[in-house]
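Before any comments, here is the structure.
Chain lettering (A, B, C and D) follows the sequence in which the chains are written, and residue indices restart at 1 in each chain.
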Amino acid sequence: MSINKLVGSFDEAVADVFDGAIILIGGFGPANGSPSYLIRALERQGAKNLTLVGNSPGHGRRAPGAAPPAIRRGPPNYDNGGILIQNNQVIKAICAFPGHSRPGMESDFHKQLAEGIMSLEMVPQGTLAERIRANKAGIPAFFTPTGVGTAIGEGKETRIIDGKEYVLEYAIKADFALVRAHKADRWGNLVYQGTSRNFNGAMAGAATVTIAEVDEMVELGDLNPEGIATPSIYVNRVTSRQDSKGE
Amino acid sequence: MAERLDEQTMALRVAREFEDGMVVNLGVGIPTLSSNYIPEGKEIIFQSENGCLGYGQMATSEEERDFNLINAGGQFLIKQPGMAFFDHAESFSMIRGGHIDLCVLGGLQVSEKGDLANWLIPGREPGAIGGAMDLAFGATRLVIAMTHTTKDNQPKILYKCSYPLTAPGCVNLIVTDIAVIEVTDDGLLLKETAPGWTAEEVQALTEPKLKIALDLKQMSL
Amino acid sequence: MAERLDEQTMALRVAREFEDGMVVNLGVGIPTLSSNYIPEGKEIIFQSENGCLGYGQMATSEEERDFNLINAGGQFLIKQPGMAFFDHAESFSMIRGGHIDLCVLGGLQVSEKGDLANWLIPGREPGAIGGAMDLAFGATRLVIAMTHTTKDNQPKILYKCSYPLTAPGCVNLIVTDIAVIEVTDDGLLLKETAPGWTAEEVQALTEPKLKIALDLKQMSL
Amino acid sequence: MSINKLVGSFDEAVADVFDGAIILIGGFGPANGSPSYLIRALERQGAKNLTLVGNSPGHGRRAPGAAPPAIRRGPPNYDNGGILIQNNQVIKAICAFPGHSRPGMESDFHKQLAEGIMSLEMVPQGTLAERIRANKAGIPAFFTPTGVGTAIGEGKETRIIDGKEYVLEYAIKADFALVRAHKADRWGNLVYQGTSRNFNGAMAGAATVTIAEVDEMVELGDLNPEGIATPSIYVNRVTSRQDSKGE
């Protein structure tokens, strides 16, 4: 048998996500870095009590009837983790950017936060990226300067090393990572496009199961071995907008 | 009192801080505008925390917009020679590791010790800490670009920040719509005033006592 | 007593541990040889700690040798589809982070609890710890391939290692030139003997008491 | 002025290395990843009491008259940090692989170690890579499983996190990094070749001053922005075997 990590459908790819899972979701703002098809599959799948980890929990879909923004704000077929919040699947967000309500786009996240349905762990973006990377790299905890003397550092262990104060931060032990890439081969090597790499590149390999959503599959050997951003070892399943079923 | 500077003019003044060859990270708002005013003959390498080094021009038309090419402020970038892309962990290695020569951020409050508050207004929805905290701790030099006062004319440069801190003692320079103030070990040093503004007028809108630079200048714009 | 297996035959037995799709890291010596015996129809992704994933064939002539394509054992590799290159920090993220499914290392001593000593013989020049310690701590499954005894026929499988440890309790399976022994929570389990060897003969060259597998087999080679 | 990190000569590139400096030197074994020209320039420069950090301190040059090895063991123009040891410039090695004396190739490192001229800090290869990366990333210390219950962990702080024991390891605060890459542009973006990336890629940016030695300079924009292994921010000076003087 030859290795082939391509999964036939988006639904199949997320079928084993369990209630209470901690899920890394890549992306940054409305850029083309959100694993939208996988997120929608997870919405259909319906797992509950999820913890979402990412730059932002996401605004989800616009309220019915709300006018689209004056400027097209996202790429085609775009969705983010906010639709899982709107579907009442999420109990916690670990993020750097909770976002705000804005006209025609009330934040369900903030609503559920106010109602006590959800909780928020706010993490500086760099600490978030490093806590994700730490889990990938087998580092359970590390010291960082970020947060010392602020609300973020409160209640955390601190230590002075070489005359400077640091806080101790822990790896995020995630169960699943949903990442968006540009191309993959059957081993799971990934390349990205521009700034759509963002958290996706940091999250691939940082969970027990990493599931990638790509634009297209290429033959093994087509990706330049010097320029593979995510080596295959970090990827468990690949879904393709061209080759996997689901929508 | 004279008019206050508009955002573009503040951005122009901020850009005077750019030195040839610097790696610069710009926060959302006025800081971002300053990339339009790179001093003649200087080459600056802009870093964006969402994984890009070496951007410059922005897309100017809908057609040029590429959803794979944005900066952390959501602006659409254009490919340019020397660019490199990387992931968030690498990006914040750059930031936390002290590799950013200059960072310009917006501010809600700055204290006389250079403490910065710029992410959370108590009583509002939880704010967005984003990458600002890592930048404030990690950048070699931090410039804050903000209006000198709140909308109801209250000072934003204070003895002590009342809002939650982004980072203590991190600010090196404050560029406002009426003045340029350096944070020194001896307190705040007024270095420049906007055209038409006196040191006394700036002081009246600033909570801590300002020291006046011996070579106090009018901002040249 | 029957003959002991030669290195190639041990390597062949080691390769039986490869399962389809596994990521495997091979130490210097016998482990490395096992890449020549990948079971028919299985695809294995080999990782080398100096920054390569997905190698396979080795260079067979001087002309094929590329000094930019070696593995950690110093063997010259050949480019093959699916390969990826990366730096040492990334490589050991893979290793420490538990992403290596199977690692095969040589050994100086293994204890009945699965402690491994393979980097330092007291009294000699300081040994080379290399990447073995991270691999021993990080690999999901660790197989040790070594001769069953020292050159003067003393056991290398001991109650307790007398040499400095590489890692405690890390070994899952020992493949020697006379036996295959699994490390279990209840001690060492003899699973296979080399052709012509009895369980008693293997026990005589092993310090701790071996449990005998109910389905004890002769190694099929 | 436009940015140009290319330095005119190898000697100029290492001119400010000071006595007592801690120096990262890239490479792995005899592969084509050793910044040989920079090492030889540092030999000419003569700074003393250096600490070398790298996979191996290096064997240096063969004794005069010793037969070359049966198989050519290194690429053309190859040298390693061992020549600095042979030149009595080094007092300490921090490494994973001290190497051994072998026929015709007595190890000056082991000789100086036995004589008490040099000292050795042995570090597991992965811990070494991570301690180097930590300094680049502004992480002063981190926990790792590697070394617990062994001589490497002895005397170090340990801690049980989620039921597993870890040792605390510290960033290596290096002054200079000498790295070998394949191509560079004038900003200092670097690409490598195959497994010659090894410690070079981890070390670039991990010292106060990073100096790269490359095969050739290319025009800004010639390197694929998706495949730049070391972004320019991590590189202070570039030397080129084609364009810099020195040998």
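Here is the rule we go by: a contact is a pair of C-beta atoms (placed from the backbone, for glycine too) under 8 Å apart; a residue touches a chain by one contact, two chains touch by 3 or more.
These numbers were taken from a predicted model, which means no experiment stands behind them.
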Which chain pair shares more contacting C-beta pairs: C-D, or A-C?
C-D
For chain C versus chain D, what separation do you get between their C-alpha means, in angstrom?
29
Chain B and chain D: spacing of chain centres that average the CA atoms, whole Å:
37
State, to the nearest whole Å, the distance from the C-alpha centre of chain B to the C-alpha centre of chain C.
56
Could you check chain C for residues that touch two or more other chains and list them?
85-86, 90, 92, 95-96, 138
At least two partner chains per residue is the criterion; list those residues in chain A.
130, 133, 137-139, 144-145, 192-194, 225-226, 229
Per the touch rule above, enumerate the chain pairs that touch, sorted by label.
A-B, A-C, A-D, B-D, C-D
Under the stated contact criterion, what part of chain C meets chain A in this complex?
20-21, 23, 41-43, 45, 47, 53-54, 79-86, 90, 92-100, 138
Touching residues of chain A toward chain D in the complex: what are they?
130, 134, 137-145, 159, 161-162, 164, 166, 170, 173, 191-194, 224-227, 229
In their shared complex, at which residues does chain D touch chain B?
1-3, 133, 135-139, 185, 187, 189, 205, 219-221, 223, 225-226, 228, 231-234
Chain A contacts chain B in the complex at 28-33, 55, 72, 74-75, 96-101, 107, 110, 113, 120, 122-130, 132-133, 144-152, 192-202, 229
Touching chain A in the complex: which residues of chain B?
48-52, 62, 66-72, 74, 77, 85-92, 95-96, 120, 125-134, 137-138, 164-168
